[in-house]
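Here is the structure we will look at.
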């Protein structure tokens, strides 16, 4: 862990303006990604994971805005990058794998065009060279008949294949950071496994730092070195993967883990949790976001400001009760 | 936004620039063309006409146009100023004492535009093909009077008539059908009524390019025997609508507006008042009139006809529709024509008299109803006019509005020219716009035609059938045409024209004139005696 | 916030457009009281005059009052448009419902007929019909109705199809309710609002079509006043008296815009989208 | 692909049959005896013998279905009869007038694309801004504008007042501008909005996000990704509009004295030239149907999804 982190997120705050008011979507989020390591980000939908990913690419939608914090990439704050500089970083330095491979590709353009346009955007090569490169990388991803594949349209391929094409495109530019936003959600189990293997191979082979975003703890457990759990825009718990799974400290993490392990055993409890609506993020006081759903909460929880405290080495928790 | 605004603005500005250049380029090209046409050698006169010039066949009618037929084909004799018959393709002629034989001595220096010779044989051939379709030309008495045609020698042609028909020479000046096409123009069937192979004539102009319903280009006939035209080319553009023609003229897309009814009186006045152009009005050429269909029950009554004559405010039409550019007409033929100066009392505008006559005719105003009635029938009269003729339309609407005040319901029916004439010949109208035929047809050809029952005669025949004196009039007309005695002729004409006037079957409105509007760089515009001829030969372009 | 604003906006547009339509309806219903002069009174000595107290918008080429003709023209244009629409609906609604509700070969036959009739550009077919029937307002209406009913009947059939399978209809069927009763009590109310929206969305187009026909000389014959015909009449004068052409064109534009806005606002208000 | 075309072609047959049937029936609705009408138009006196002879010659004495079969047989061989008015073959006349109309509609299509495309793009990109509002208003006005009036406004302001374009008729390239602008005006509004809506929809598609995440240039994303996909519905619409444009041509050609099919049609109607009315209607109906077919085929070429479906 002594390595210099490639990407450091410090105290990131993102607000999103909606017709109903301003939502504080991401609150005080900080983490680091190191070369060759996988940083996992877990949380339910709406917890701010996707916004965090977008901000790393400087691709927040118009309504969203970083109001505080910095994102240091190789010791420079990418929030200050010009659009053109940032564009050059995207894909080549910080690459992405999209959530749903079926919709990530333009249906009226062939795989080859997608691949080649990406390569030629970042590398000074001819179309022909780009095509050869594309074929080589598709082969590396164990995709059959790569030459043929380049001529095909996205809808002619399965989700798993498309996901692998995406990884191939990513690899071809040898980025230092890969953001994988729910890379396996849209896939079936076999494909999931294969994709995870390939991601793992990728970080070993190319020493790429991966930000792995998922709502699925299983995926995280397989691949991540360090995990952060997000809830209501906050990172509520952050720890190396084994510590988190062995000793979950935050009540939300515990619920997550329990719901995963004990699908059959403690059904009643889960139902109870689900019945509570997700947190309302508008005009929220700076109190614990999990308050309404927390089994252990009491009056103290609503009266104290929250801070991320180090419970043990590298294990940070945002809960009054965890001390 | 991820697309940089500056980029976007650049690309849009670029697009606009391209568009502007495109547009500017277009307008420039037209100007350039004009410039070059000014500087370059060929002198071009651009003219416009409301319809296609047709197949340019001198022996047939619609869609042929008088003016274009006159450009390419020539007569044996020419109708000159004041009705003087001048030599043309015939250098001279002799008439036998009994008036039944006409011998023409043809010019020898005349060639058709394809180089073939003009001689007595081809004259005979043309006469014979026209005679073979005599029923098509029934309106023209000469055709009916021709007994035979003869080639005397190479340059002498003889015409034998049944009876001594006095207007023979006058009718030979007509633009159609007795003009001449070359041998090469005859179709395989040798019957020109079925169409020509190509328009080959002797005239000063040769058709060189033709796009149907768009334009026709006439080039100067370099072998022309007579005075050669001053301009090299005449472009005739088809512009159906008068207003469009004015616009095109103002934009110098055309050089000359010429004719009668080709633009509205309002536009003529507008162009005249602008002072930017030259305008001319010819002497009266023909009479604009309404024809009453005496075959219809209501109009059979002379009282109603007289009432309408008195109800019509001619002066208002002259002043406001014609801006005084046309003269008021009181008789069917202008008095300066031969035999037409008759002494009759004109029908003056008199509303009270008109009302009284209407009441007398049994058409009574009923309280609460806008129109007069007789035996439960409303007084509705159908007025037929040509939809593209602005003047007819304006007068028609004026009549409709003005007669409404008297309780007469005028139903306007507008039709395209071709349909209009078909309807007119069928007699499906109460009132019809008509005009006398003008020089050189008036009065003898016009009157001759109204005695002809066929559809190739005149719509007047059917329309006048309701007159008790119809038969008598027809007899007299036939008689006058064959009379050799000048005094008798005078008397008969006076008799006929007086009867027609007193029967109130024609409502003369005005003496129409040709108008000419042209740009200041055009010279040599003068009106030719025949109404339908356009003086292309004398026109020059600076 | 944005949503509310949008609703308000559409409300505002609806207000404006319904006001225009209301005024136009008044003009169409009571021209004798509103028009300053007799629209057909010709006084040629007053031709092409500018505006005056007697003739607020001046006179035309025959000295008729332009304002009065415009007002009377409202009656012709709107009246004809509504008549066309009404007659069309009288054919389209029963036929559309019948085809949709009955289904089977009736529907199949109906659809094939639609395919064929709609294979012609509608204006051309109407024109051809007028060509055969002859010009005139009555024939114009007939020609338009004969051509347009197909389109509406087809749309209505589609509406019926989507309603037909809904539970309340199925329930009524199960209960043995007679078909006619189902149609009148259940289907008609279910589709009528959509039909009304359809009518208002398209009536502007009908006004346009009618004025186009009149412009070509196939509609009302003189002396009747109609906007399209007024434009045609003013052609010869449009340089010296451009207002002659301007006013009727503006009237058409305003009416059509108002109807289109109204139709759209109505659709948004009822939250209906056309297929 | 071939299979797709064959399928579409076969679906064409009943429609073409229907078109011919309607056209045929329409002519038989004409009041009066066609034989007499023909004779009158030919300036032949309609005597009883002449009428009877012509009835035989025109086949009017046969039963209706036989007449139809005969007529259709001739129509297929492009023999649409003889115009009463010009006495020429209807087919020749149509051919003569068809090209100017094609020229006009084609120029209009180009104008629609050249104008709607940038405006639609800008409106989508600056959604809700002034440009967008403006384009909305223009779109609204353009569909409500009577074309004949708009044509005159253009003539009045651009030709007469500013002297930018020739007034009327057909000739140079510049003659094309105003008529095609008039013809395309309503469609420009429609397609601006259609393209805008389509682009907005596509701009929010995940593939745009992915393209941006790959670092592609904005221009490339808009032009290659968004625009191409957004143009598909516009293209279908254009195909459909072609038929309406054939109708619009009637008015525009009248206003601008453009010697095309529209004028031919109007003239033949005004003159009750029944064979010509019939011929024009049949011809334009067929053209309309064929255009729709071509658009369908073109669409399947441009949208690989449909092509793929066809191959499956």
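We just call them A, B, C and D in the order they show up, numbering each chain from 1.
One rule holds in what follows: contacts are C-beta pairs under 8 Å (C-beta built on N, C-alpha and C of every residue); 3 or more make two chains touch, one makes a residue touch a chain.
Per UniProt, the chains are A = Nickel import ATP-binding protein NikD; B = Nickel ABC transporter substrate-binding protein; D = Nickel import system permease protein NikB.
Only a predicted model underlies this, so the values are computations on that prediction, with no experimental measurement involved.
Colleague: Need the central chain here, defined by C-alpha centroid distance to the all-chain C-alpha centroid.
Modeller: D
Colleague: Quick one: which chain's Cα centre is the longest way from chain C's?
Modeller: A
Colleague: Write down the chain pair with more C-beta contact pairs when B-C is set against A-D.
Modeller: Of the two interfaces, B-C and A-D, more C-beta pairs touch across A-D.
Colleague: Using mean CA coordinates as chain centres, what's the gap between chain B and chain C in Å?
Modeller: Centre separation, chain B to chain C: 43 Å.
Colleague: For chain A versus chain C, what separation do you get between their C-alpha means, in angstrom?
Modeller: 57
Colleague: Whole-Å distance, chain A centre to chain B centre, using C-alpha means?
Modeller: The answer is 89 Å.
Colleague: For chain A and chain D, what's the span in angstrom between their mean Cα positions?
Modeller: 53
Colleague: Could you say which residues in chain D touch two or more other chains, in rising order?
Modeller: In chain D, the residues touching two or more other chains are 160, 212, 218, 270, 272.
Colleague: Could you say which residues in chain C touch two or more other chains, in rising order?
Modeller: In chain C, the residues touching two or more other chains are 217, 235, 238-239.
Colleague: Which positions in chain A touch two or more other chains at once?
Modeller: none
Colleague: Which of the residues in chain C end up touching chain D in this complex?
Modeller: Touching chain D from chain C are residues 112-113, 115-117, 119-125, 127-132, 134, 204, 208, 211-212, 215-218, 228, 231-232, 235, 238-239, 242, 245, 248-249, 252-253, 256-257, 260-261.
Colleague: Could you list, by residue number, the parts of chain C that touch chain B in their complex?
Modeller: By the definition above, chain C touches chain B via 40-42, 44-45, 47-48, 61-62, 64, 217, 221-223, 235-240.
Colleague: Give every residue of chain D touching chain B within the complex, in rising order.
Modeller: So the residues of chain D in touch with chain B come to 40-41, 43, 45, 85-86, 96-97, 114, 118, 122, 125, 155, 159-160, 163-170, 172-174, 177, 212, 218-219, 221-222, 257, 259, 263, 267, 270-272.
Colleague: Provide the residue numbers of chain B that touch chain C in the complex, in ascending order.
Modeller: 241-243, 246-247, 264, 266-267, 270, 316-317, 319-321, 387, 390, 394, 396-398, 400-402, 404, 411-414
Colleague: Using the touch definition from the top, list the residues of chain B that touch chain D in their complex.
Modeller: Residues of chain B touching chain D: 1-4, 7-8, 11-12, 15, 19, 23, 26-27, 29-30, 33, 63, 136, 212-214, 237-241, 244, 247-248, 250-251, 253, 387, 415-416, 418-419, 422, 426, 454-456.
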